[in-house]
Amino acid sequence: MRRADGEVILLWTLPAVGVIWLSAFLLFPGFVQPMSPTLSAEEVAAFYRDPENLPRIRYSMIVFNWFAVGLIPVLALIVMQIRRMAHRTPIFSYAIIACAAGGPTIFLMADLFWLLAAFRPMRDPQQTLMFNDLAWVTFSSQVGFLIAQSVILALAIYLDRQERPVFRPWVAHSNLVVAALLAPAAFVGLALEGPLAWDGLLSFWVRNLAVGLWIVVMGFVLGRAIYRQRSAEELAA
Amino acid sequence: MNAGFEKRLSVVLLALSAITLSQLGVGSLEGHAALRPNATITSSAIVIALIKVRIILREFMEVRHAPVLLCRLTDSWVVLAGVGLLGSYFVGMAIARG
Amino acid sequence: MTNAANTQPRPRFVPGQPDMWAFVLFEALVFTAYFVVYVVRRTQSPELFLESQAHLDLRVGVFHTLVLLASSWSVARCVQAARERSFRTALTNAFLTLLLGFVFLVSKVLEWAAKIEEGFGFTSDEFFSFYYFLTAIHFLHLLIGFGVLAICVHQLWSPARRSQETIETCATYWHTIDFLWVLIFALLYVMR
Amino acid sequence: MSALLRRIAWHWRYDEKRELWIGWWTLVVFYNLYGLLFFVVARTQPPPKPSLEPSEIVQWFDDRHYGLLFGYAIVFIVGGATAIMNATLAYTMRRMSVSRAFAYSYLVIYALATLPGMLIMGVACTVGAMRPDRDPELMSWLYDFAFLSFEGTMGVFLIGSLVWMVAVLLDRNRVFPKWFGYLNLCNALTEVVVAPAWIFKRGAFAWDGAIAWWINMAVFVTYTAVFLTLLRRMILREDFGSGPLPDLPR
C-alpha cells in the first residue's frame, strides 16, 4: 500500500504557486514600492484612476484571487506528516486543518477589497480610500493563522518523540522565529509612518519576507520528508 | 391504565382548563378599562399562571414523586419567577411614574 | 429501564433522565429573563402596550392554552400507560399529543397570519415585537417538540426499544412547552 | 515561580496527556484574554448603541483610538490560537462512540467562526480608528460592519452547538454528561434570538439590547464555563482507549 501516492505532485505545486505569487506580487503597482498610508484620499483615488496602474492592479489581484488558496495543499501535506509523528492525539493535525482555511480566506478578503476599489475608480475618493485601507489592513494585520500554524507545527515537532523524528528540531526553531517575525505586523493600525505602518520595515518587508522564508523552508523539509517516506515504503513493499 | 392515576390526571386537566376559562372574564373589560394598566389583573394573571405552572410541574411532570431536591429546585424557580415578574412590574411602574 | 410491571407509584424517582431537568430549569430561567425584560419595557410605555394588546383576541389565547394543557395531559397518560406496559394506549396518547400539538401549530400560524393581515408585523411597535418574539421562540420549542415526540413514538413502536427513561424524558420536554406557554399566555393576553 | 516552571517542564517531558493539557490551557487562557481585550482594552463590549448618529460614531472611535488599535492587534496575533482550541474540542467528539464526521464538522464550522466571530470586527475597528478624519458616513458603515458581523453571524455557532449536542446525546463513551448535550441546545436557541439585531436599532432586540446581548452573553458565559470544567474532567478521565471513559480518579 502506498499511502503517499500523489503527494509528490502536490509538493511540486509549491514552486509553481511560488512563482505565480511572486509574479503577481511584482505586477501589483502598490507592492514593489509599497503604497504609503499617508496618501490623501485624492492621491489614493488617483493611484487607482491612473491608466498605467489600473490594469496592473486588476490583473495582479485576479491572479491572487485564483491562487490565494494555492498553499492549502501544502498545508495538507504538513498535516499528513504530523500524523506520522509520535503523538497520543490528533489534536495538532486537527489544529493545522483549522488554520488551513483561515489564512487564505483572509487573504481573499483583502483581495476582494482591492478589486472593489479598482472596479469603479471614479467612486468618491473617500470610498476608494476606505476600500484601500480595508485591503491593506486585512492583508498586513491578519497574521494570526500564520503565527498559529508555525507555533502549532513547532509544538508538534518538539513533542514528536521517536527514534527518527519526522522533522528535525531546527525546523521547529525556525518556525518559532517566523512566528516572531510575523507578530509586529498585527500592530499596523497604530502608525501611518515608520516601521509599523503598512509600508514600513516590520509590517511589510519583515512580514512578507517571513512568509517567503517559511514557504521555502517548509518546501525543502517537506520534500525531504516525503521522498524519504516514499523510499522507505518502496523498500518495505 | 391505573384508574386512580388516570382519574387524577383528568381532574388536574379539568381544574387547569377551568382556571384558564375563568380568565376569559378579563376579556369583558372592554372600552376604557381595557386601556388602563391594572395592577390587580396583572398580579392575579401572574399568580394564576404560576399556580398553573406549579400544578403542571407537580402533577403532569410528576415532581410530587420526585426526590426532594427536584421539588425544591422547581419550587424555587416558581418563586423566583413570581418575584421577578411582580417585582419588575411594580418597580417598573414606580419608575415610570416617578 | 424502570420496573414497568409495578403499577404502584414508586417511592421518589426523577421521571426520565435527570439531565433533561437541567435543560428544563435552565430554559425556565432564560425565559424568566425574557419575561422580565418584557414586563419592564411594558411598564415604561403602558398605553402603547395596552392599545396594541387590545388587538389580540383573548379567546384565541385561551384556546391555545386549552389545547396545550390537553396535550400535556395526553402525554402524561402516555407515560403512565407505557409504565404499565399498555403500549397500545401509550401510542394512542402519543398520537393524540402530536395531534394537539399540530392543532396549536396551525392555530398559531393562523393567528400570526391574521395579525400580519391587519398590519401588525414584527417591527410595527414594541408590543408586537415582543409578541412575535415570545410566540416565535416558543414556537421553535414546539417544533423541536415534534422531533421529541417522534422519538417517543419511535420508542413505543417496536418492542425492541421501549425505553421508559427515553419516553419520560420526551414527556418532560413536552410539558415544558406547555408550562412556558401558560406564562406567555398570561403575559401577552391577560396582563394589563 | 521556579517550582511552577519545574512542574511545567515535568509535564512537558513525562505527561501522557500533554497535548490535551496544551489545548485546555489554551482555551482557559485565551477565553480570559479575549474577555480582557474586548471588554477592557478595546472597550467594544458591552456593545455601544446601534442608534448613534455618524458624528457620535466618529466620537466613539476617537474615544478609544489606542484601545481599538492595540487591543485588536493583540487579538490578531493570538487569534489563531482558536485553531488549537477547536481542535481540542473536536477531539472530545472523536473520543465519543459517534462517527468522526461530528468531529470534522465541528472543527471546520468553528475554524470558519473565527472570521465573523472576531477578525472582521477587528479589521473594521482598526480601519475606523486609524483615520479619525474619515468621512462620518463611512465611519458609520465601518461601525455597522464591525458590530453586525460580530453579533449577527449566528449560523456557525447555531449549527456548531447542534452538532456537539447530537454527538453528546448519542455518545456511549460517557465523554460528557447528557445534560451538557441539552445545554448545547440552550446555547443554540440563544443564537436564534440574536437575529433581530439585523432589524432593530433600539430596544431589547437591538445588538446592545437586553435580550439580543445581555441574556445571550449570560447564557454563553455559563455554557463556556461549563464546557471548560467538563473538558478538564474529561482529560483527567482520559485513558486513550476506545471504550467508555472511566470515572474521575479519586
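Letters A, B, C and D name the chains as they come in the text, with residue numbers starting at 1 for each one.
By definition in this document, a residue touches a chain if its C-beta (ideal position, glycine included) is under 8 Å from a C-beta of that chain, and two chains touch if they have at least 3 such contacts.
As the structure is a computational prediction, the values presented were derived from the model and not from experiment.
K.L.:
Using mean Cα positions, find the chain sitting nearest the overall protein centre.
P.N.:
D
K.L.:
Nearest whole angstrom, what separates the Cα centre of subunit B from the Cα centre of subunit C?
P.N.:
Computed value for the inter-centroid distance: 15 Å.
K.L.:
Cα centroid separation between subunit B and subunit D, in whole Å?
P.N.:
38
K.L.:
Report, in whole Å, the distance between the mean C-alpha point of subunit A and the mean C-alpha point of subunit D.
P.N.:
25
K.L.:
Can you compute the centre-to-centre distance for subunit A and subunit B, using the mean CA position of each chain? Integer Å is fine.
P.N.:
Distance between chain centres, rounded to whole Å: 61 Å.
K.L.:
Could you say which residues in subunit B touch two or more other chains, in rising order?
P.N.:
As it turns out, subunit B has no residue touching two or more other chains.
K.L.:
Touching at least two other chains at once: which residues of subunit A meet that condition?
P.N.:
Answer for subunit A, listing residues that touch two or more other chains: there are none.
K.L.:
Which subunit C residues sit where two or more other chains touch them?
P.N.:
Residues 18 of subunit C touch two or more partner chains.
K.L.:
Which chains touch, pair by pair?
P.N.:
A-D, B-C, C-D
K.L.:
Please name which positions on subunit A make contact with subunit D in the complex.
P.N.:
Against subunit D, subunit A makes touches at 37, 87-92, 94-99, 101-102, 105-106, 109, 126-127, 129-130, 133-134, 137-138, 141-149, 151-152, 155, 159, 183, 186-190, 192.
K.L.:
In their shared complex, at which residues does subunit D touch subunit A?
P.N.:
Touch residues, subunit D against subunit A: 16-20, 22-23, 66, 68-70, 72-84, 86-88, 90-91, 94, 103, 107-108, 110-112, 114-115, 119-120, 122-124, 126-127, 129-131, 134-135, 138, 141-142, 240.
K.L.:
For subunit C, which residues are in contact with subunit B within the complex?
P.N.:
So the residues of subunit C in touch with subunit B come to 7, 9-15, 18, 21, 25, 28-29, 32, 35-36, 39-40, 42-47, 50-51, 54, 58-59, 62, 65-66, 69-70, 72-73, 75-77, 79-81, 84, 86, 89, 171-172, 175, 178-179, 182-183, 185-187, 190-192.
K.L.:
Going by the contact rule at the top, pick out the subunit D residues touching subunit C in the complex.
P.N.:
177-179, 181-183, 185-186, 189-190, 192-193, 196, 199-200, 203-205, 210-211, 215, 218-219
K.L.:
Would you pull the subunit B residues touching subunit C in the complex into a rising list?
P.N.:
Per the touch definition, subunit B meets subunit C at residues 1-2, 5-6, 9-10, 12-13, 16-17, 20-21, 23-24, 26-27, 34-38, 41-42, 45-46, 48-50, 52-53, 56-57, 59-62, 65-68, 70, 73-74, 77, 80-81, 84-85, 88-89, 92-93, 95-96.
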